[in-house]
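Take a look at the structure below.
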Amino acid sequence: MSKVVSLEEALKFVKDGTTVMIPGFMGVGTPETLVDGLVDKKVKDLFLICTDTARPNVGIGKLIASGQIKKLYASHIGTNPETGKMMNAGLIDVTLIPQGTLAERIRAGGAGLGGFLTPTGVGTVVEEGKQKMALDGKEYLLELPLRADVALLRGSKVDKKGNVWYNAATRNFNTHMATAADVVIVEARELLEVGEIDPNNVMTPGIFVDYIVKGE
Amino acid sequence: MSKVVSLEEALKFVKDGTTVMIPGFMGVGTPETLVDGLVDKKVKDLFLICTDTARPNVGIGKLIASGQIKKLYASHIGTNPETGKMMNAGLIDVTLIPQGTLAERIRAGGAGLGGFLTPTGVGTVVEEGKQKMALDGKEYLLELPLRADVALLRGSKVDKKGNVWYNAATRNFNTHMATAADVVIVEARELLEVGEIDPNNVMTPGIFVDYIVKGE
Amino acid sequence: MDIRERIAKRVAKDLEDGDIVNLGIGMPTLVANYITEGIEVILQSENGFVRMGPAPEEGKEDPDIVNAGGVPVTVLEGAAYFDSATSFGIIRGGHVDATVLGALQVDQEGNLANWMIPGKLVPGMGGAMDLVVGAKKVILAMEHTAKGKPKILRSCTLPLTAKKEVDLIVTEMGVFEITPGGMYLREIASDTTVEKIKEVTEAEFIVDDNLITMED
Amino acid sequence: MDIRERIAKRVAKDLEDGDIVNLGIGMPTLVANYITEGIEVILQSENGFVRMGPAPEEGKEDPDIVNAGGVPVTVLEGAAYFDSATSFGIIRGGHVDATVLGALQVDQEGNLANWMIPGKLVPGMGGAMDLVVGAKKVILAMEHTAKGKPKILRSCTLPLTAKKEVDLIVTEMGVFEITPGGMYLREIASDTTVEKIKEVTEAEFIVDDNLITMED
């Protein structure tokens, strides 16, 4: 069975209320074709996990502008004034998470870890509601794993078994999100035959990938 | 200042009693030149962290045979009968650690995490002396980070800034150990000029590597 | 067909198209020879790759490519290599559909002991504890008795590998499934009887109403 | 020289050969222009690479290579790309020698507030909390006051980024070091006096006996 499917087929896994992870740093590494597909599909009340909301009309910014996000976990929303406005108007429920903690929580979700201890956020509002532990005289917060229903990724090169290679700074959250969702869909900027990526340089093994959509 | 040094210069960081991490799975991925150098140097009472003790006279097995190890953290010693004999004779203090937990503890040591929760080992002797936590009805053990004084690695290709690329199954613990020791020494199977490894495919960034020794 | 082959063949029938499977060393390795034609089973090797292939031709061994037993293997097209933390993230994170392992003892609660005999054999758990906790399905491929003595017990007496994680036990005499409602004998070999199985099984088990005859 | 340049130039003097440095967006970015000739400072960009280079020539921007502010940059020879968990492992794990950041407020205990103004500006902490906790040295590059009001306080009133992590504060008026024994004024600009600094500094500080004049 081929993993390569149409945009429509892939996005049938995203319904109203679905929890979705989307990578990208200010839009770099974000699957634009899949995001555009979500906008067109008009699914609503999404719970979105991402590191930033980019700029209006760039990457994840499009999903903010279209009003499809009900709940948001992110580390930074400052570059997209729309997000702050909608948060203040009570339209989006935003939780801000330090970027390193967010990456590690997603990784933990994919790696079967029950949580981890980080010094980040100790003594700040981030510690509210969290268990604190002192080890060897240093304080840590217990942070819990994160998972999603669907992850939408962007591979610079993807082979037909779903092995992915990311170019330059596009990698960011892609590799972690690939491991932490029930359904993983990759937008292939370049779609290759199996064997065209050196097995040593595969960054997301194909076993994590359920569907591939050819990007534009 | 060049990172490329002689074997002797590199090994001056390993003294009697030093804590050393050495990667390798049954010898595959183990820096044989550096290990031979330690044997020749006759440093003793080492605290060795590795995943297995290979076979007699293969990889880490050589350090067991030479009697240089006082304390050992490993996940498997069954393929080297010498290790078991010396353990039973009270010559080596052995702690057995599940392989996934060992990898994660080293990674945590390099990533500044205070520990992590894993389901591995719950209900077994591995849980002895460890804090147990239940989250969402599932039990976990709190495992703590591991660090070493020195890590001795083996890169298939290493450039002169210390960027490393590992071939095939040699990668195993190399990438994690690179992050978790005060001094990191890489044996280069092939020593390249800077720029010869695609920055995308670097597996251990050169910032982690202090010294490079050309392997034989 | 010898009993090891019979067991391996029966285990193979439980593997489905697309399954990601980790085969332990020893008898479980034989399972690869009996995978149903026309389906694709992806083998994971915990030392760091997926899509493991058969042993290489003599003289064509690559020292950098060995399986978890340290034996030279090959990789198939579409393979991917990774480091140990990633490998055990795959295992612990529930991305392995089935693991096939041997056992020293197993009990009717699904507890498994397969890593040590105190005072006698202390090889270490290697990756077994992670595999048994992490794989979605844990299948034991084992001879029914050890020198005539039962290995399927009411309660394990050896140190455990994991608690209540075993799903299926395949021996030369039959197939047992462990369920919350007790251990069931689901299949029986053509050359034995329920009475004979009871004689060499300490555990209590329920005979399935629709007991099936195992293929030779 | 404008005050931003003066501050950047002074911060640069604190960077040593071989240092791995993360520069925050805004004024800290200017530090790269003043690094002492002949030394090598390796810039880390938390979105996933080391050895960041200058901005590309116009028209030569690569959309896959941006810095942590989303602005196109280049990478130098010997660069390496990685994912976000690795990037923040580098940061949290103490592999970054220094981070240079801006501040909304800082206090004499070394507490920093630079990520939000409740009810007004809630951009999110991005990677700042990880950087401040993880970097070996935290240097603030900031204007001494905001619209004439002190930013260097007895105790921060805004939500903290991290507790007691700031080491050095560089403003257009002078250089402060925060030590367990209190905050010291170590250097003073040629165009001001200790009295003038005291007028616009709420924090209590000790004037170094060997007060140095800052370079313009």
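Should a chain be cited, it is by its letter among A, B, C and D, assigned in written order, with residues numbered from 1 in that chain.
As a working rule, a residue touches a chain if its C-beta (ideal position, glycine included) is under 8 Å from a C-beta of that chain, and two chains touch if they have at least 3 such contacts.
What you see is a predicted model, and the numbers here were worked out from it, not measured in a lab.
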item: Whole-Å separation of chain centres (CA-atom averages), chain A against chain D; value: 29
item: Distance between the centres, which are taken as Cα means, of chain D and chain B, whole angstrom; value: 35
item: Per-residue overlap in chain C, given as positions that touch at least 2 other chains; value: 49, 75, 81-82, 85, 88-89, 91-92, 133-134
item: Shared-contact residues (touching 2 or more other chains) in chain A; value: 104, 107, 111-113, 118-119, 167-168, 199-200
item: Pairwise touch network: line, ring, star, complete, or other; value: other
item: Set of all touching chain pairs, with the criterion as stated earlier; value: A-B, A-C, A-D, B-C, B-D
item: List of chain D residues in touch with chain B within their complex; value: 17-18, 20, 42, 44, 49-51, 75, 77-82, 85, 88-95, 133-134
item: Of chain D, residues touching chain A in the complex; value: 45-49, 62-66, 68-70, 75, 81-85, 87-89, 91-92, 111, 121-130, 133-134, 159-164
item: Complex contact set, residues of chain A against chain B; value: 104, 108, 111-119, 133, 135, 138, 140, 142, 144, 165-168, 199-201
item: Residue numbers on chain A that touch chain C, as the complex places them; value: 1, 107, 109-113, 159, 161, 163, 179, 194-195, 199-200, 202, 205-208
item: Residues of chain A touching chain D in the complex; value: 25-28, 51-52, 54-55, 74-79, 84, 87, 96, 98-101, 103-104, 106-107, 118-126, 156, 167-176, 203
